[in-house]
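In the two complexes below, chain A is the common chain; its partner is chain B in one and chain C in the other.
And now, the complex of A and B:
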């Protein structure tokens, strides 16, 4: 059950959240939209197409110091920040919900996550969206609060205790609105039977689609960088100019890179780009499903938008059959 | 929350030179339970972290031995360290050899090069509990006589099990003759020297990636079913706890599900060997 909020009252909600949290919201930058820290509600884009990067850049920073190397000792650097995402699309919020499954015992991730507030908002799906195929178009408790568009105004739904606190504020109307299911519904350009396709990856390992698509792939890693659920990482020690001081950092990596599956002595278990390209799919639609019951893809479509070789993940998947 | 990435400080008790590029580091540990086949993540602050298999046997208490070839930044830095220096350890990680399943059976170990390191842990464990197992055979191959590891234990192993050694070449790395009197040829040539049936034995293999399929062929020729073959697989596990994805093989993680895999399982996994 939800409560109505008038569009002009969203500022009061934003301001209340800002009192407690560092607020990250979509803003317009040039022709595109990005997620960044926002202090003034007037900067927030409520109706926006997919941002360039997802929320991942704040939750699993591209390069995160995890230990200070202080005089040859490892000192934990646990982040201490209280982040609120304001007006996050359903797919991006659900991507965080799926990252939670992986990083449940990761002290750095959890330090941020436990204090985090996520306020989702309705979106208007664009041509590259396929969240319905991945099951990420449905409201889950990855959102603490969700703002469903209702004409000019919104209906707020709280999914957690943290969200309820804000829903009880006066800027939400007193009467409750009965809505059976909150989901993003639209006609996908291409609907995919993701679970069947995922099973087929191992069954039909040498499907010609890998060879054909890998020929076009530049291994630029754009797709894995913009993916809200690509979380592969590398761990590197950096030393400072001062003796015995430095830091151990965790940074984004990509299984598309040649070095990814290389071992000491030089043997590379995925030397061919074909194998590395296929691995993205194996992990997202088979390994992750086996491990957690959902794919590590929310169908946000960023990998399609930002592929310089015009590779469309949906086309690759559809060629594996099961559509 | 406990920090799953935080290593603990450990003293190097002893360094033993094995070959020109391989040393054994004895590291002090307390209350450290592990099983043969498992590995640790070893850190040198400012240099980095690397997964290293444990080469000592769990019946040896108070320390672990790590047999390390100098190949990367961490292992090169480690080779410059001495007894009394400190390294940082976390682990043990992974699943080792399934001794409960293979109890009472004959075992054939096949080790190639540095693959001897994890196998030695298992071998010495089995020899220590000899009455629980059948006939033990070790087939060990290295590039040259100068590359053979644990030569000081050869006599002991030859007494306690059927221990066969071969080298790819009897020349020393500088091309000079070594005076080697033993077998010459790749490790699979030793199978012809077995004068008994290994059909019902358990095969345990660790070596360079290229070696596996040839060894498996020999086991199959001898009539050994795939489910009796165990492989210790190599990957660069960066996190050791199933997160970083570097050791993922399709829907398995070498750091969580391995590094020891049953071949009946591994053969279903393309890219595993």
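And now, the complex of A and C:
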């Protein structure tokens, strides 16, 4: 059940959310769109292809101090902020839903997540999108509120108590609209049978596609950084000259790096880029599925859009699909 | 007793030393060590046996060549400071050119009086215990190394490409814009100031461990001329491994 909202009333919704939350929304920067803190609704891009970095930038920041030693005194640094994402695409909202499966008992993640509001919005799928293949094109309760495009205007759906609070206010129309299912439907450029392919990865472990693609891969780590579901991190201890002042930092890592699978004593489980490149897929489409029932990919297409070497994850996956 | 520290400079711009003075922890550093020899930072300097000597700059004259050997003899640890000491720096572009022509252009009739050796990076002349890379170095890197030394830890190498610094800031990719950028093969940890300011990475910190050079060059050849690629890798770290070959025209 949804309620109608006129486009011109979105500003009032945004302003009301801003009163309670630090609002993060897509804005245009040069040729690209980025997620940033926005104070003025006129800056929000309601219609955008994709942002360079996903919401992860704010939920699991690149470098996050988790505790500090201050004059020898231990201080845990639990984040204290109320973030609202405004106008996230369905895939990005569902990515947060899948991150929840992993970080359900992580105190730093949960401190932000519990207070968070997510307002999703309809998108116009672009050439690199494959959210249908990953099952991330369907509205879930990862969104507190979803704004489905309805001509020039929108129909709002609340999925949680937090979202309902905003849906019931003055700017939504009184009558309810009966919509059974909210999903993003379109013809994907390449549809993939993700679950079958995921099973094939281990069966066809030495498929030549790994070697062929790794030859073109720069190991620049861009795909893993822009991925809304690549959450691997490293933990670094820093001291500030004197030994009783310092901090422990959680920092993004990437399995494409040689250092990622290096262990004490210098042994490395994935010395070849081929093995590291394959690891992205084994994790996303096989082991993550085994553990959580869904792939750790929402088909947002960022890894395709932002790969400098023009590597298309869908092509790699499609070569594993046979048999 | 406080550790005895020296900071020497050879042929350079002194920018790395300025980065040290810029440290917000300079008071803590001054409180923890005795600067026995630091020409840029203090008036009175002397020779002694040093616990740590930082050396900035490239070796261009035979006088400097003797100096670095002397520094090594007097120091428990020698740390190369910045791209000039680590990889020859900008001055070593001359290694690829006709130096006599260059000297004549700059010094005219006095050219013959100017000595200019083939520039070798410091690790090719003396044993270097650690390198703090960059043109200039990042103050944070200096602080990190000093903190590690104080704590008795071996400083760790960065293992991430500049792309990681760059993309973590949400920057658009220079390569995707068709600009030749060394980011994917360049040693990171700098915070990607160049791409953040809209310029490509020149790889001033030299190559990353396990750089995908073949893939990088294949990609660069599609968007840049051979000359541009050579110039890119011959700019700030011309004598670094791998970069030396590309800068020398091996594409």
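One rule holds in what follows: the second predicted complex is superposed on the first by the 314 of 323 C-alpha atoms of A that agree within 3 Å, B and C clash if a C-alpha of one lies under 4 Å from a C-alpha of the other, contacts with A are read in each partner's own complex, and residues count from 1 in each chain.
We adopt the following convention: contacts are C-beta pairs under 8 Å (C-beta built on N, C-alpha and C of every residue); 3 or more make two chains touch, one makes a residue touch a chain.
None of the values given here were measured: they were computed from a predicted structure.
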Chain touching more of chain A, residue-wise (chain B, chain C): B
Which superposed partner A:107 touches (first chain B, second chain C, both, neither): first
Which superposed partner A:270 touches (first chain B, second chain C, both, neither): first
Touched partner set for A:292, first chain B, second chain C, both or neither: neither
First (chain B), second (chain C), both or neither touched by A:239: both
Chain B versus chain C as contact partner of A:74, first or second or both or neither: first
Common interface residues of chain A - those touching chain B in one complex and chain C in the other: 239, 246
Chain A-touching residues of chain C, taken from the complex the two chains share: 25, 28-29, 32, 143-144, 146-148, 150-151, 159-161, 163-164, 167-173, 175-176, 183-185, 209-212, 214-216, 218-219
Residues of chain B defined as touching chain A within the complex: 1-7, 9, 43, 45-50, 69, 71-72, 75, 86, 88, 208-210, 234-236, 238-239, 241, 243-246, 248-251, 268, 270-271
Parts of chain A lying in touch with chain B, wherever the complex brings them together: 66-67, 69, 72-74, 76, 102-103, 105-107, 110-111, 202, 205, 231-237, 239, 244, 246, 248, 253, 255, 260-265, 267, 269-270, 275, 279, 282-283, 286-287, 290-291
In the complex with chain C, residue positions of chain A that touch it: 30-32, 34-35, 52-53, 57, 62-63, 215-222, 225-226, 238-243, 246, 252, 254, 257-259, 273, 306, 308-309
